[in-house]
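Here is the structure we will look at, set down as structure tokens.
Letters are used for the chains, namely A, B, C, D and E, taken in the order the chains are written, and counting of residues starts over at 1 for each.
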Amino acid sequence: MRAPSGPEIAVGDVLLSVENVSLSFGGVKAVTDVSFDIRKGEIRAIIGPNGAGKTSMLNVINGFYHPQQGRITFKGKARGHMRPYDAAYGGIARTFQNVALFRGMTALDNVMTGRSLKMRRGFLWQLLRHGPALAEEVEHRHRVEEIIDFLKIQDIRRVPVGRLPYGLQKRVELGRALAMEPELLLLDEPMAGMNIEEKEDMSRFILDVNDYYGTTIALIEHDMGVVMDLSDRVVVLDHGIKIADGTPDDVKKDQAVIDAYLGVAH
Amino acid sequence: MSAAEQTSTATAPATAERILSVNNIEVIYDRVILVLKGVSLDVPRGGIIALLGANGAGKTTTLKAISNLLHAERGDVTKGSIVFDGAEVHDLSPNELVRRGCIQVMEGRQCFGHLTIEENLLTGAFTRRDGGAAIRAHLDKVYAYFPKLAERRNSMAGYTSGGEQQMCAIGRALMSRPKMILLDEPSMGLAPQIVEEIFEIVKDLNGKEGVSFLLAEQNTYMALKVASHGYILENGRVVMDGAARALAENEDVKEFYLGIAEGRRKSFRDAKHYRRRKRWLA
Amino acid sequence: MFYREAGQFKTTYAADSALFPILQDKIGIVLILFVAFILVPLTASDFAIDSILTPILVFSLAAIGLNLLTGYTGLLSLGTGGFMGVGAYACYKLATFFPGINIVVLIICSGFFAAAAGILFGLPSLRIKGFYLSVATLASQFFLSWCFIRIPWLYNYNVSASIEVPTRTLFGVPVTGPTATPATRYIVVLAIVSIMTWLASNLIRGRIGRTWMAVRDMDIAAELIGIKLYQTKLLAFAVSSFYCGVAGAMLVFLWLGNAESESFNINQSFLILFMVIIGGLGSLLGSFLGAALIWGLPIVLRTVPGFFNLSIKAATVEHITFMTLGALIILFLIAEPNGLARLWQIGKQKLRVWPFPY
Amino acid sequence: ASAETFIPLFTYRTGPFANSGTPIANGMHDYFSMLNARDGGIGGSKVAVEECETGYKNEKGVECYESVKGKHPAIITPYSTGITLALIPKAAVDHIPILSMAYGLSASAVGKDFPWIFNPPATYWDGLSIIFRYIGGKEGGLDKLKGKTIGYIFFDGGYGREPLPLLHQFAKDYGFNVKEYPVPPAQMQNQSSIWLSVRRDRPAYMIMWGWGAMNPTAVQEAAKTGYPMDHFIGIWWSGSEDDARPAGPAGKGYLSLNFNAVGANFPALQDIKKYVIDKGNSQTPKGQLGENFYNRGVLNAAVIAEGIRNAQKLTGKKDITGDEMRRGMESLKITAARWKEIGLGGFAAPMAVSCSDHNGHHSAYVQQWDGTKWVKVSDWIAPMKDKVEPLLDAAAADYVKKNQPWPKRTEACDKSS
Amino acid sequence: MHLLYQIFIDPFVQMGTAPDLFVQTLWEGLVTGVLYSLIALGFVLIFKASGVFNFAQGIMVVFAALALVGFYEHGVPAYLALGLTIVLMLILAFAVERLILRPLVNQAEIILFMATFGLTYFLIGFGELIFGGDPKVMISGALGLPSGSYQIKTLGGFVQMQKIDIAAAIIASLMVASLGIFFQKTRIGRALRAVADSHRAALSVGISLEQIWVIVWFAAGIVALATGIMWGARSNVSFALEIIALKALPVLILGGFTSIPGAIVGGIIIGLGEKIGEFYWGPLFGSGIEDWLAYVIALVFLLFRPQGLFGERIIERI
């Protein structure tokens, strides 16, 4: 899946950099002076205890929260104040910690919404649903069906997602994000509430997305096994402050990380 | 098939006094969706029982059937019986059930977002009649178990992080002085350290206060560590049960629920591609 | 057993997303249209057409309009009556200015005025949500009602402050005004409603419908996946008001033949809202069922005592009708909170698995 | 068919206006029942009365119309201006006469344009001119109003707006200022700011076109503000006992127009009591017989009955069609003697309706609330026909012009009986 | 230019030149506002406690007032009639809980809203069936409520205050104060707020929804009775009174659906704004702008505070 716009960035170069970002809500400091970068093509994990500010960090990256301080550079361009859909158009997609699917819609429709920003036909064509509008719909439906096949959720296409078990919901959500053909995919605890088997499946999907499509991935996860196995580099946050950044092995041995997060060796 | 039968006959907790027994229940949602197809399980007084199973197996449904929260979801127990503390509970309101000492901590936290942490905890004491002082004392005890909550006692629960909300939900249940807690996925979304902590607390409560637990978990490893006995649910049926130790040793359980193959943990990188899984049933 | 999609495979995505993918449904809809367009006008009494069918169709269209906004986009509106009024008064003025233009064209055009009003009063929706948003729509309701009486230009300075419908013809047959027969007016209404329902179903099956529903289900997530909230919401307001406006114009021109500001008051708004809720939020079929129930039930209830030759006082009948209607609404909600449309679906589901219970 | 005349009554005993609708409905119903019980109907034809509840809602009214129009009604009484307006175009097509007694579309008095609509005894414009005659009498000449302010508080709808053109014309003619106080439908019981404005503007007279709950609230608020009650005059729809009573003693002095007598001391009313109420065949609660709106209902029914009799006389048939009823109404003439004959002597002014004039522009009188009941305080006052008629003609012409193609009158006229 | 003068200068000149009228307007606004608050209070109670937007509050007002007068007309002494009416409202609360709320637990807000509409229809029919549709005169005298007015001569004119209005203001303030304390400080109050937040979670911690709902509906019934008495005393008791209840909507929205002080402050802002607007600026538009002014005032406030003045912050997290 190609980048929708902007300069080409080679694998290994910095895709997104976060510089000295601080964010607080009233008295609560969610993120304090955090800097790190994400390189193109890597799987970057963000870990930390609950309330460390991981989700807030993702929210900053895709424009839902506006940091009081700091700078975000994406694809070499520093961003000003922007709305979340700007980030989406720029090529950032994400999944959510507490599944944020459109509960009243079927799995298929949910994934199709991910294509909204790629669809062009105007209102009048939509009204008629013939000719170009239908052609476009079918074309995008093809792409979506590919994703559905990829994620092995063919048999639940027509089920309203509100009725799906949690694990499948997470998968549909991933599908929706993939449908946006993002350059950077932010995953907020994609494996929470899954058993090993399902985690293995999900890991496979993540690795495949990364391998086949070259999508850069930022991943929040509490399962250390998953984090250590999948990620190339790990940032550790605690109380909104970055306490470590490095390869999984480095991080695992870091005393500050063990104290704040891992507890007894796992 | 055979594995299931073997383990279940070998280690049924028949002798211990049961605080809860669920006999062959069937649950239907919306009058048409059959979800539980005959589930039976027992919880001995003072025991910790784990309820394991994949997504959508029906763990949550089982717990809700017990605590009578199904009605609120347009679900119905159409067959079987549930006996808590010696009495059939099918016709009791959730409120009465809590009064009798059976409380559920729901999956996905479910704190009252617009109430502060402390108010959340206090609502847990709704059914108690033993006076403000006792409740306050108990509140301090809960804070002692969860110091994090004490720090954020005056924040609106809606703004606290996932872990804090989970603690708040458990703490809130404790406030009702339960004999038995139905705990639905307590570890979901929590940092490893907190997961450890929470399971420690579960063990503590069980040991010191004699609270029984029925624990629906995905984190099989942790669940089997604290539980004495486990049930594995698949597709609305109990497919296997047995002593926790025995389950943890079972090869299938090891592979599918613990991620251990050939005696060691597999790397997630090596997970095979979408293998068709073997099932006990089907 | 009879109602099965088994064996009906779709080979293209276009066919798969067709309006009625199942053969039985296709046959059903053709039958319904045949009955509605041919049989009813030939056989039904004037009373049945003019007091039951036509109003139900008119209200169905308004309900569809509101459903697009409230059921599909999740924006609660209590201003339907006002938007219907805009359509009605716009149509009246258009008919005055352009007596030569076909009245059906004018009825459709009046929808654009309602749409403009909808966009204007929908602006606050960008900031305000939920029940709070309903106040903005309420403001529009009361403000528009006030305009309908305070701007005499709107009703051509009639002393009666009401608008009357001039006689207009279509292919030489009068379709509006007192000489138009109920059956003619009914057919015109039916045609407009059928076409507009089809268009609405196109919209909601495509990109636009999906973005609406996304906004309804979780607006934050929708924005994060690249949906522009303000465009989506305003479009919903516009389309919804367009439908309501056309319904309002039809209410006056093709049904009642006369209206005053009170015809578009807050009660009208509530009435339509209840049709939508009882019928089923987010369902076009539900809009029809809801309109049929809320409009038709009282009429049925009123005629019931007559069947049994009970001579109950008119007022008592009315009181009992009110009580029964209230009780039935509650009963329906308890039986199926998601509306008649959902009840219908469950029925179909049962039919599918028949003779087994699940 | 057996001799029977079908008369549907559109009534409203429910909804926010039920208080006014109920006594009217009772009066009409009881009068017909009395005729059936006492005389076996009208001219040997039994009256079949059927109430249709409208709740004062237009849609319901139209529904009622559709449900009765197939049963050959002799005449229809919509009892709502809105419903009347909706039915006017339909009536001509279906050949069903409509009696909108002193409400509805004033212009429908013009028989050449509205052959099917009757609105005796007077239009709203007549009513307004009568009020001014009364004021003129009190002031010693209308020119005394010069430079003064007249307040007009009205139900903000077609009904309340109708008198405005004439009011403004009067203002021009007599040199006074008009202050308008519209009361929106939802504000009927919330008038305090209006009466504050009244206190500020100090009008010499307050004229009211109110209905339903608006009336008692206005009377109470007027009393509260200390407005001189004997300078506060309501139209005939603002003069029920229920309108004045809630104000208690403070409402004393409030005036209103009326065109039917109040009280039960009429032979016909006593017959109603004897043949209907005492027999338990009526819904009328104790004490309502003789109240203003009850009597209005009786008057309405009596006019219909006379119309039917007239039609029977003209055609020599017992059962009459809508067409014949129209002819009966168009040559209706009830003299004072005839009123007396039917047991209603002095109950209403003599009434005549003609082919060209469907209204007659009859007199009304002013009544005053004495704290417990209405008391007649003026003679029958005739309207200023010269001022009203040109307005009527213009309004009718305007209506016809706006509703082109409006059918030309084809119905022939009978000679006045 | 002239228009600008009329809008920006003239009204203030008027306020200055006739200060007694200005004070009177303020007083009327205050009193109306307090009465609006009373209606809104009924809504807030139920909304806060159960998340139900109770469309039937308006008809409950009528129903309570009609019952009170109805009992009295049947020869029951006034205070006994009051007692009986309160019992009636309790019965209503039980019935509503048993027949409507319990089967609909955990349904979406809009469904419950719709159910209360069904209740409205039912009560209209039922009320008219037993009490009849004709208006009744409120028995304020028999209930010992004061009548007459104080006339204070000041500011070159006079300010008139109805005694009943003063009583209304006092009663309303007392009700608001006691309910406010009840909600914030007591066990039941906390439970009420929990229920509003999530039926599901409230059930799970053993809060008895049945009990809570009976309590709030009963409280709302009493508020409705008080409202009915006060509004009834101002004009009369009839089904038209129901329309007034709509005015509670802007009040609610302005004050915030869940805030008792909000209902009071919102009511007063709306009352004052509406009366001042109508009195001073209304004539510019041909008067009668009261009909929509309240909504516009609420809307303007909302644009700055989307959750109302006192509403709970809307939690936006993902």
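By our rule, a contact is a pair of C-beta atoms (placed from the backbone, for glycine too) under 8 Å apart; a residue touches a chain by one contact, two chains touch by 3 or more.
Because the structure is predicted, anything quoted here is derived from the model rather than measured.
Q: Compute the shortest path length in steps from subunit B to subunit D over the network of touching chains.
A: Between subunit B and subunit D, the shortest chain-hopping route counts 2.
Q: Please identify each chain that touches subunit B as well as subunit C.
A: Correct list: A, E.
Q: Taking the mean of the CA coordinates per chain, how far is subunit B from subunit E in Å?
A: Here subunit B and subunit E have centroids separated by 45 Å.
Q: Measuring centre to centre with CA averages, how many angstrom lie between subunit A and subunit D?
A: Once rounded, the distance between the two centres reads 74 Å.
Q: Counting in whole Å, what is the centre-to-centre distance of subunit A and subunit B, each centre being its mean C-alpha position?
A: The separation of the two C-alpha centroids amounts to 30 Å.
Q: For subunit D and subunit E, what's the span in angstrom between their mean Cα positions?
A: The answer is 36 Å.
Q: For subunit D, which residues are shared contacts with two or more other chains?
A: 13-14, 22, 156, 184-186, in rising order.
Q: Give the residues of subunit B touching no fewer than two other chains, as numbers and ranges.
A: Only 33, 159 qualify.
Q: Where does subunit A touch two or more other chains at once, residue-wise?
A: Each of 64, 96-98, 100 in subunit A touches at least two other chains.
Q: Sort out for me which residues of subunit E touch subunit B in the complex.
A: Checking each residue of subunit E against subunit B gives 105-106, 187, 190-191, 193-194, 196-211, 258, 312-313, 315, 317.
Q: Can you name the residues of subunit A that touch subunit C in the complex?
A: 62, 64, 83-85, 87-89, 93-94, 96, 100-105, 109, 112-117, 119, 121, 123, 126-129, 133-134, 137-138, 141-142, 145, 176-177, 180
Q: Can you list the residues on subunit A that touch subunit B in the complex?
A: Going through subunit A, the ones touching subunit B are 25, 28, 48-52, 97-98, 152, 163-168, 189, 192-201, 203-204, 207, 222-226, 229-230, 260-264, 266.
Q: Touching subunit C in the complex: which residues of subunit D?
A: 11, 13-14, 22, 51-53, 55, 58-59, 62-63, 66-67, 69-70, 81-82, 85-86, 88-90, 92-93, 105-107, 156-158, 161-162, 164-165, 184-186, 283, 395, 398-399, 402-405
Q: Enumerate the contact residues on subunit C facing subunit E in the complex.
A: The contact residues of subunit C facing subunit E are 76, 124, 127-129, 131-132, 134-136, 138-139, 142-143, 145-146, 150, 220-221, 224, 266, 270, 274, 277-278, 281, 315-316, 318-330, 333-334, 337.
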